[in-house]
Amino acid sequence: MSGKDYFEIRVKQLARVEGEGGVWVKVKDGKIDYVEVNIFEPPRFFEAFLKGRSYLEAPDLTARICGICPLAYVMASSRAMEKILGIKVSDAANKLREMAFYGEWIESHVLHFAFLHTPDFLGKHSVFEIAKEHPQFLKDAIAARDWGNKVIEIIGGRPVHPVGFRVGGLHRIIKKRELEQLLGNYDEVKRIGRRLLEFILQLPIPEIRYDMVFMSLKGEKEYPILEGVVANNLGDEFPEDEFEERIIAEQKRYSNALHYRLRDGRPYITGPLARFNLNYELLSPEVRDVLEEFGFKPPLRNTYQSIIARAAETYHAILKIGRLIEEYREPSRAYEEAEVRAGEAVAIVEAPRGMLYHRYRIDDGGRILYADIVPPTAQNYAAMEEDILKVGDLILKKPREEAQRLVETTIRNYDPCISCSVHMIRLRIIEE
Amino acid sequence: MSGINGKIRLAVFKLTSCSGCQQQIIDLGELLLALLDRVEIAYFLEASSDAKPGPYDVALIEGSVSTPHEEKLVKNIRENSKIVVSVGSCATYGGIQALRNWMEFEEVKKTVYEKPEWVEALEKSRPISDFIKVDYAISGCPANKLQLLSTLKQILIGRRAYHREESLCQECKRKGNVCVVVAKGEPCLGPIIKEGCGALCPSYGRGCYGCFGPTIDPKPDALAKRFEDLGLSREEVASRIRNVTSWSEPIRRFLESYER
Amino acid sequence: MQEIVRSKLTPTPAEIINIIPETPDTKTFYFKPKAKLEKPKPGQFTEIYIPGVGEAPVSVSGIESDGVIIQTVRSIGTLTEYLFKLGRGDLIGLRGPYGKGWPMEKLKDKDVLIVGGGIGLAPLRPVIKEVERNRRDYGRLSILYGARNPSLLLYRYEFDEYRKIPNSELLLTVDRADETWTGNVGVVTQLIPKASVDPRNAVALVCGPEIMMRFTVKALEKQGFKGNQIYLSLERRMKCGVGLCGHCQVGPYFVCRNGPVFPYWMIKKYFWVDQI
Amino acid sequence: MFSGPLYSGGFSELKRLFQEIRDRNYRIVGPRLEDGVVRLGELQSFEEIPYGVSDVQRPGYYRIRVDGGRFRTPLDSPKQLLYPPELTIFRVTKDWKIEYPSYRFEKTALFGIKPCDLAAIKIMDRVQGELGDEYFLKMRENLLLVVENCVEPGENCFCATMGTGPAASTGFDIAYTRLDNSIILFQPGSDLGADILGELSLEPATPDQVGAFRRAILKAAERAKAGFRLENLPDILELNLESKVYREIAERCLGCANCNMVCPTCFCFDIIDEPELDGSSRRIRIWDGCHSYSYAQVAGGHFRKDLWARYRHSILHKFVYWLRQFGSFGCVGCGRCITWCPAGIDLREVISKIVEEVEERCRK
């Protein structure tokens, strides 16, 4: 591509991502001059219509922010409400939540790495085009997703917008024998998890290195999913309640989603890559063995490698669910209740795409007065734009069409969930 | 039909939604592969970057119309498609985001956006049938993947697509659930909501909150009376009934009169 | 013990061997069953089945000696619309014949008054053919037939043949005429006083939309017809055709099993009750 | 009501009866406590039957109490078993081969069902008739019926009015009556029943016991009554087809068809034709009910568009038409439709009101 002229790369509508967005890259004097991740997914105003609804409805309503990761919303909103009311959820209910949530990681991760992202690395338009060359991969991907979905289905009724969960626990007691159905072909499922990871580890993934800030929950003894302290690779660790003090948000004219940065203005990355790098030791040993066999160790240094983190977490999730089922004992009560009281609380969970932050204030009748939701994808937009600037050289060395594709791939590294991201509240305005 | 090897050309579009209904297509798994023997996916942006132009034999539309852009888009889809199917309760009824339709829009915008004037959205989130003729409507939040598949199978053999739209209670009883209203005193929207989900909520011991939308001949007034008997205040009754499918014609009409 | 359950409600495949277009939305089909079905009697019906599409009760509008069954169908819903896309050589399924037909034995030596509205002439056509075939067994034949407009009249190509039946008449009417129409305009009930049958020794056979049948009964009673001289073919939603699915009840009767043809006296009590 | 010999035993004999039936290789289906209600289910052991548990059944209301009392009709009726809610009838392949499904038919004992449900089975026998549903007929062939007579009917029971209870008189293999926890009277109703009871070495009931039995049943009959009488009921209902009660009740009725679904005699079904991707297709039969909107809908019209008309049809069918169709009433007084109506509509009250209306009119 020649140097001096001015041109643009416009991805009018991103494909193979959830939701409606585009990218606009301006190139001037052989350098990427300006990047805009343009989110035109229509706003849905959840924070507005949540007002006045019962705290009990928050899980069902917020789940509908995202059809790919509804459980993350269920978990975050339930946990925030439980914090307000001082409810301690039973161990059994927590285990069920974790199982289902891991089921969602599998469903969401496999959807992304197998269906949406792998085509990029193999130069294809869609997974359907991959089917002929790699039938086993597609079969495994479908089987893994089916199994992940089945986990959610048994515990919650259906994979998308499950109905079985509530503030305080679950709506009904799940019998151990119901869960054991999942173990019928468990050995094969484990093998599938491993095969998928191995396949991903052999993809031609671009090698680039640059510095990034990662932020995620950090587990104490377990890989983080439902809770943890917030940590980053700058050495910070803080409780979830302080999250808001550490970040700033901006509304952009070109985007229906907010952009988030650290207080010092630096973008940060949340999601599998961040979790992986900050919690590597907590991944199941079986997973680490495979990674190390293929020569991968943390930190993974570029966002193209996020696909590896996803595949690793998928295998981890499969292993984890098996262990949780074994440990599971039916509780005597499906859920805990507490006297309704006014209050405010924050909860962060690890959605497949990263930290999902919920904050609620309720009145003494249990009505929601205020809701604030920060989805992971919104947190990643600043990083996406930054990323394209950083890999600029790589992009500009390619012919136009490929360059455009690389821009798209770069965005896809984040597995953006655009529907989720069109939420905003409390912000600083950046006029462009 | 018109696609490659006589396959029907299918397009999947997304408007204002959570993508959960498109997800149902992908969740078909092996069945999706079987379907691909008969169907060419010509446009499905979430799954493929190979977006082919119309005309399409069948367009599945997920999501409600809530921006001026979408209003144009649906009209365009209609012009380019032989059969249009609204998939899910957003497309069919306006969806959960239609809960804002019950509020003052300027207030709504202000609650969420610092710069409300930058936001391009219609005042109301509406079903696509408000803008174009819809051949078949599948409801559900999300749509039931098997019902969606069944619709496609019916279209494939060239018949009118049909599903029973009787009360959820019938499905609930066929499944052998224990009625939560009778055995627990919990309000349940089942009597006015159509079957299709598998009576999921009652199967999990809770009342239905109406994500599949009203039956053909629902009786929300009678149900509201019953909820009042169960001890709910009028405000609570309205709030229960005003949920995922609140902008469907019968529920909307009921709420308007109930709250007057 | 694993056992196979064979439903008695199993259709027999039948080939479409001929199709005659009747009106813009009606066609007459000739079906040749692959296995012999019982010979239908005038007024009986079959269930027409198309796999994956549905099933619908349709009257027999003609019976041929070689087992071919003739049925006239209006395209109005799932099954009927689909049937219209099929052609010669295609297979459908048939069950039946079911139901009680017209009381042919009671017509012997009587004047026969046929009153048909729209598609309602279809089940009456076999009666006309029977009277024609065994002309001497019956008295005068009077056919009164009406449709919304001339293009909706069935079997127009046969009208001359009907007219040629000795000792008979064919009176036609339409609700709305067009430029080709020179005959009567108005509802079919207006023809009843014009029919040259002897009400004391006649039997009236009526089929058409429910509302038309109500007016017809009134008009017939005015002419002196008694409850046991009027027969009506009723219609209700139907799934099984044999009195098991429950849908087709009119009062205590199953239209499929006890009907579809009823003497008026039998159903009089329910006939006038709104939404019974 | 009181015919045939009675034998006396206690709880241990009842348990032995259960065991004896098991030993004869019957699958046993009976009442069990599940999800907070008593319902029919497969029983592995006698202990699963919740004795000492009572149910409170009122219009639109059901709760369990562990108070040493008795429970009445379980949520499920035998219909669930004999006439399953959803059944594949056949599959047709692309080239028109018809494949029938096969099902497991095991010797099954219905243990401890109530007299009203026994009566319902007998009604279904007649409804199915010679054209009847093959599945039903096959299930029916293999059925052993053990009935528990009711000495404590519930608030929603009106078997005595319908003449189906509180004690069964015929049509069972074995009937038993728990006078109290120590005395249980057994009654054979068939050769097979007598043969099974023969294994228990029971004593003939003493005259005192027989007397107590009679008194208990008569007392129960007093309680299991509706506010109307069957005498002339069909005629009265037909005299009042335009009753305003139907319209009043339609204000409360939800049209949900729960009453149809739970009724042990409601038999209507809908058929679904499902095309498959391989070119074959399935026919499926599923429960339907006359409260369904589409029930009387036809292409281009509707015979009972208004809910009041659908409600009226259900009453007329059970209490008028059925008699002429199948020679008995279509209701056995089990009270399920009252208990499981989410709107709490009481069928007995509706009928009483219609009757009153007619009486009122006659007085004027």
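Read from first to last, the chains carry the letters A, B, C and D; within each, the first residue is number 1.
What we mean here is this: a contact is a pair of C-beta atoms (placed from the backbone, for glycine too) under 8 Å apart; a residue touches a chain by one contact, two chains touch by 3 or more.
Quick caveat, the model's predicted, so the values are computed rather than measured.
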Inquiry  = For the interfaces B-C and B-D, which has the higher count of C-beta pairs in contact?
reply    = B-D
Request  = Please find which chain has its CA centre nearest to the centre of all protein CA atoms in view.
outcome  = B
Request  = Tell me which chain's centre, taken as the mean of its C-alpha atoms, is farthest from chain C.
outcome  = A
Task = Find the geometric centre of each of chain C and chain D from their Cα atoms only, then give the gap between the two centres in Å, rounded to an integer.
result = 40
Averaged-CA centre spacing for the pair chain D and chain B, given as whole angstrom = 38
Key: Centre-of-Cα separation between chain C and chain A, whole angstrom   = 65
Ask   = Can you list the residues of chain B that touch 2 or more other chains?
value = 153-154, 157, 159, 205
Interface hub residues of chain A, defined as touching at least two other chains = none
Ask   = Can you list the chain D residues in contact with two or more other chains?
value = 270, 274-276, 288, 294
Remark   = Pairs of chains in contact here are A-B, B-C, B-D, C-D
Inquiry  = Going by the contact rule set out above, which residues of chain B touch chain A in the complex?
reply    = 14-24, 26-27, 29-30, 33, 36, 41, 45-51, 66-67, 69-70, 96-97, 99-100, 102-103, 107-109, 111-115, 118-119, 121, 125, 141-142, 197-198, 200-201, 203-206, 209, 211, 239, 244
Inquiry  = Using the touch definition from the top, list the residues of chain C that touch chain B in their complex.
reply    = 52-54, 77-78, 81-82, 85
Complex interface listing, chain D residues touching chain B = 35-37, 39, 60-63, 75-76, 80, 85-86, 251-258, 261-262, 270, 272, 274-278, 286-289, 292-294, 307, 339-344
Remark   = In the complex, chain B touches chain C at residues 153-154, 157-160, 162
Query = If you look only at chain D, which of its residues touch chain C in the complex?
reply = 89-90, 92, 96, 98, 100-106, 128, 131-135, 138, 238, 241-242, 267-271, 273-276, 280-281, 288, 290, 294-300, 303-306, 309, 312-313, 316-317, 320-325
